[in-house]
């Protein structure tokens, strides 16, 4: 019985790498720093004897991260992405493009980008290219043509994935963000717009789920360069 | 006491032209052909002694229109726009651009376009220019620069007004349509996207309200060329 | 100027194959049989001089399909998938798995499956494997391991993608269906469940959008076997 | 006239044990510690002369609990379940299984479990068995076969009750939790999924209502071993 | 391979009786009469060699039922409950009370009542006892005291389960119906009221899900008289 | 020009007493204590030369009330009702009954009760009579028969007005409260239940709008004893 | 046992006149003509030996009304109000004003007006006085001053009750109608506007519930002239 | 590469004045004071060499404004409008009327008014003219006749634009505010009312979007006096 099971707050899924190709990722929200640390230790130990893939936790705020790094000094923290991780893979493969519409979408976009990097992808960031200044977006068209998968992040009217989807053959993972006010309803506006995109090859993840989009893009990218 | 008041189904607002500059427009939905005919007669009689502005009814389906034209043969019917009218102004002034995203948005766009024409505007139609084929839209950029007011009609993700708003100095009236399925929720998706547009100078009317947008655009256009 | 443009009901996107790798797909809903036929002719002519990729129309009901095949006898119709197409690629590559929870989800699942086949994928159908009879689903685990992309279709509680996502390394495209009654709210229940899936590597398309999921899966599959 | 009635903040239902078999349970939310204490005294006094059943208050946070135990030292407090109670029954009867999907669902699950114990049930906890790691859940299948009633607690996609319901003959009480973010909408996603469960023998209580589920399960369990 | 599997429209869950105690129930909605007939034959054959439990289909409208009985004359049809079944158990055990608020709730209430009877319960119907005529309800209080499980069916304000739950020790399964207009929103009003019931021992099933409530009540009743 | 107009934060409606029979009531939410004080002074001065009716402000929290009473010592504050007023009428007329379902509904009920008293009604409070303990409510039936108007306040399932409406000939003003959690959605559940009440003679005000209900009841009561 | 009880489709509330002052009103929706006829006979028989108050059924469409009058020729039918009744009181007392915003609101307004007349009120109809032609409304100000209760009916933006409420001392019963399209959401828009009315003395009934508003107004009117 | 691009938090749209006639406006929400300062410096430098139009930032709270003015002392701050700007145009042209319903709507109305002034319009403020005191509004009718564009701001029932729209020929931009409680749902009630306005020539912007309305009005005004 592991430390986490003895303490009763988690029951780690040890066969996950075998079934799904990647070890469990720690969802930091609603867990204490000591709980996250305990899970880190268990997963690091397991992975050390295995493929040596990166272990990381998402949704870790600055205060928790500080405690965590105090307890396990070998860890690293990216404050924008709110991710704590043990190491990055040596060099990225393929290409995942991560674009976002505005400055406020950066944390979600960066969560996607870092996730994809931790899963072995080469990542190109194309930030602040909202559709109301369409020429800025079109200036980056070649990136969208080279990418194996694209993450498109936007709040408010959520139009970015539709325009990007019309420019490329690559699959687009759309991420609505909770950026906006009034009738944006915490991201519902952007979510609905993305689900109703006229562009082909666009699918959607939950509001603010940068991790989910980065994971999906990295899996597609990895398959495509295998 | 007028015919309509005697029959008790309407109480026409005779001071409307004086207060608002335009005579009452007949909303055909939920009225019978004889009721619409009675109101037409009353408004035509009033206008004949006045400015001679066009009198018209919106939301008139083909069957009702047929009865109506049988009763008042001088009227005309536009089946796409679902509008019955007595005459068009001799020649349009200024420029109202009416653009729409897809083929299914045509009835709403045409309702806006004909309304603006009946209110004296010169109208340029730019149809089937959805944002997933952005180059088709950009090819029409000069129209958007010349227009005094733009009506942008779209269903599904409702992104068209945001892109158009970023290309022009003219005020944009956005019209969400009920075109779509699933999570488009009868136009809510497009409505929310438009209310949350990042573009400046965009305002929104009710779902499928082509008339309202055409009216607003015509008023702005008329003021701007006065 | 093409036939469709002359008639004013469409403005085909001719650069689409170049930009996106696939010719435009005809969305049959809300178009008449003659309109669909005209677009078919135009796209077939264009493709004949190009890569010779399949041309097809989705959301075509039986009555429209009959008229369409009468006009262009070389076309084929799949009634469950509601798709009219000119030809299937000679032999599929890679593997796309399409699974669904219940009998009523079949049309959506079949739309996804046939779309993926038309786009060159080898497709394995795993139907009627809802999560309340979990052993039926687990009996097919090997298919999920071999697939390059998985389409998981479900209405009601929409739990299938979560369970499937936990069994495989392949990316999962989840399709909520409008199957259900009462608090399923036309597919909202399943849509929300899928957006909130705990499984990694799951993204979602619009309610009943089998085509969108099949397209996305086919693109991923094609990239992965290229 | 009792103390609580004199102070005007409550009007206890003295016939409740007679009609419903159990004394009133104190809902702690929105009541002050002195108010809860006054009600405790009144109910304890009544029960002392009756069946001697446990008296308890739910939704009591740590600060209130401290004041309460300072005023009535004989009480006990379970911080995870947020329940203050006077005593537990000597030994449990029958079997209520309480399972939950993730670590964050623990407080709700524990509220259900302790409630059932206070109402005389033997309780088996099966925690952290979400459906994306289906093998962990299946490893506990025998518990679900032995139970007289099952409480299944889950947030996010809320799929646990559907899978559990398919494994057992026992009635399942599903509890959606507010765990999640974005389109989980504070538990609506899980609530809808559970209401739409394909499994037979599943009914649902309010979001985060661990008490309600534990009460229902205990009543069913008590009847079944009577 | 069975007839239904060969035809590809269903994949029956043969281990269901073993796991859950009851054979699969056929959900008639969205299946054709021949499909339902084929499944009936398969389930009847299986059960004949087993416990001989009743086989039945819910949500069967009158037209389908007629075809079905023409094909398998041994079946019976209850038009109010919309259920087709092969036989009823010889004599009921225990007591399930099924009450409803108004005349329009009858089909849902009857679906619950007949389901419970088919699963071996003795059923007492208490119809048209809405809370605005509270004395009619109180006149039946003894039935609620004797029942092992109660199904409470109501549309509109959905208050019946709260009042009934306050009168009895038995578990109450609440069924919201889509009866009402305007702000009843197809049963949402009643559903929310029931989920928020102040009464203890009340849980809820989907809107109009009389079958689900009858099943749950029958399972509880069966356990309680075992 | 008055003090408030000079400062630009309000434009008092001086003809209100004449048109509506009662002077303006100050809505305290979102106004500062000095602003409320200034409006008080203006209204008191106006009323002093008129009918001498009470002047009061609703939604005043304890901190604001303290400042207000420091500035105008003649005022009084009711902390439960959150109302500041200058005087109560000498003696009440007629009868307004104010009942509520639970302890947490008290502030809203008390706001209604005090409002009615300030407007000259005799008020009878019937608190903590929720429908799950129906006998407590029925014990007060005579009050409901004597009242000229009844205010029924409830959160959660909002069933109280339906039951009360079935017991009396008097008009019932229903007030949903935001009391509850989960699927009570801040009072929506109770609001919908009340709008869908089967009882005749029930109308509804906004969530937590005790003032509105008390005002309506007082107006009806005043008319009925005039 | 009465005819309706024997047939099992209703359980009439015989003490209703005694408790509530008026006999039961038949809600025609969802009942067959013979069922309504049976209830009519029973209520007429009861009332004949009592106060001789009018007996009537609401929501009766033209087809049902025809059958009903064929069976009980003494009845009368008002097609606009969709009400069947046995007689009107000799002469009205007091004054109920019923106003509505547009022509399409007429059926709901007429249901309110006729209900109030059947319950003994003198009724003044003020139709087609929407707030965008405010002078038409103000021209009727004296009616609003004389009325003992006002019913204000409106769809779309639902602003009428707010303006009327600001003109009068009488209590206003607001009725939202389902008139409108797009974002009127079947009356939700008007319902919300009315619940949020700034005017004092306004309360609201369900969407399209003309009967409920007329009943409430009649009760208030009757009390006020007693 | 500019300072903002080097720091990576923004990618300014330098061609905006050319395309849209006005330089970019800084949206202050979610940006730090140093970030806003950097963008100010860049836009001021660009505009100094151009048309010399005002540069301003919206949604800047008092604390951020203080830092900002400490860093760039030449800036000005309007606390009610929450706008920081460098200078106002010498003298306004045309006429924009900004009216609002209540005191709490002032910040949104003032944001609209100052925006219009910064864009060269002469602005007339008509505050606290809610529709329940209709005579106050009608007293200002001449302002509405003279204006080239009208901004109408209201929360709660959102009726102001409908009444104003009926009094004038000028286009009306309606702004719903989040003022209200309960069923106002943070401005949804007012938003829906405005989208459903019966008045012609009314369009709507997002909840609390005073800037958007002021911008739209200023553009229309500028065109109309050019």
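Just so it is clear, A, B, C, D, E, F, G and H label the chains in written order, and each chain counts residues from 1 on its own.
Note that a residue touches a chain if its C-beta (ideal position, glycine included) is under 8 Å from a C-beta of that chain, and two chains touch if they have at least 3 such contacts.
From a predicted model like this one, the values you see are computed outputs, not experimental measurements.
Considering every other chain in turn, the ones in contact with both chain C and chain H prove to be A, B.
Shared contact partners of chain G and chain H comprise B, F. Note on connectivity: the fewest chain-to-chain touch steps from chain B to chain D number 2. Most remote chain with respect to chain C, judged by CA-atom centres, is F.
Taking each chain's centre as the mean of its CA atoms, E is the chain most distant from chain H. Of the two chain pairs examined here, B-H and B-C, the one linked by more C-beta pairs in contact is B-H.
Between the Cα centres of chain A and chain C there is a gap of 26 Å. Work out the mean CA point of chain E and of chain H, and you get 58 Å between them.
Distance between chain centres (mean CA atoms), chain A to chain F: 51 Å. Those residues of chain D in touch with two or more other chains are numbered 132-133, 166-167, 182-184, 188, 191, 195-196, 206-207.
In this structure, the chains touch in the following pairs: A-B, A-C, A-D, A-H, B-C, B-G, B-H, C-D, C-E, D-E, D-F, E-F, E-G, F-G, F-H, G-H. Considering their complex, residues 8-11, 13, 15-16, 29-31, 35, 176, 178, 186-188, 191, 206-209 of chain C touch chain B. Within the complex formed with chain D, the residues of chain F that make contact are 103-104, 106, 127-129, 132-133, 135-136, 179, 181-184. Contact residues of chain E toward chain D in the complex are 19-22, 25, 148, 166-171, 173, 191, 195-196, 200-207, 212-213, 215-216, 219-220, 223-224, 226. Residues of chain A that touch chain B in their complex: 101-102, 130-134, 138, 156-159, 162-163, 165-167, 180, 182-185, 188-190, 192-199.
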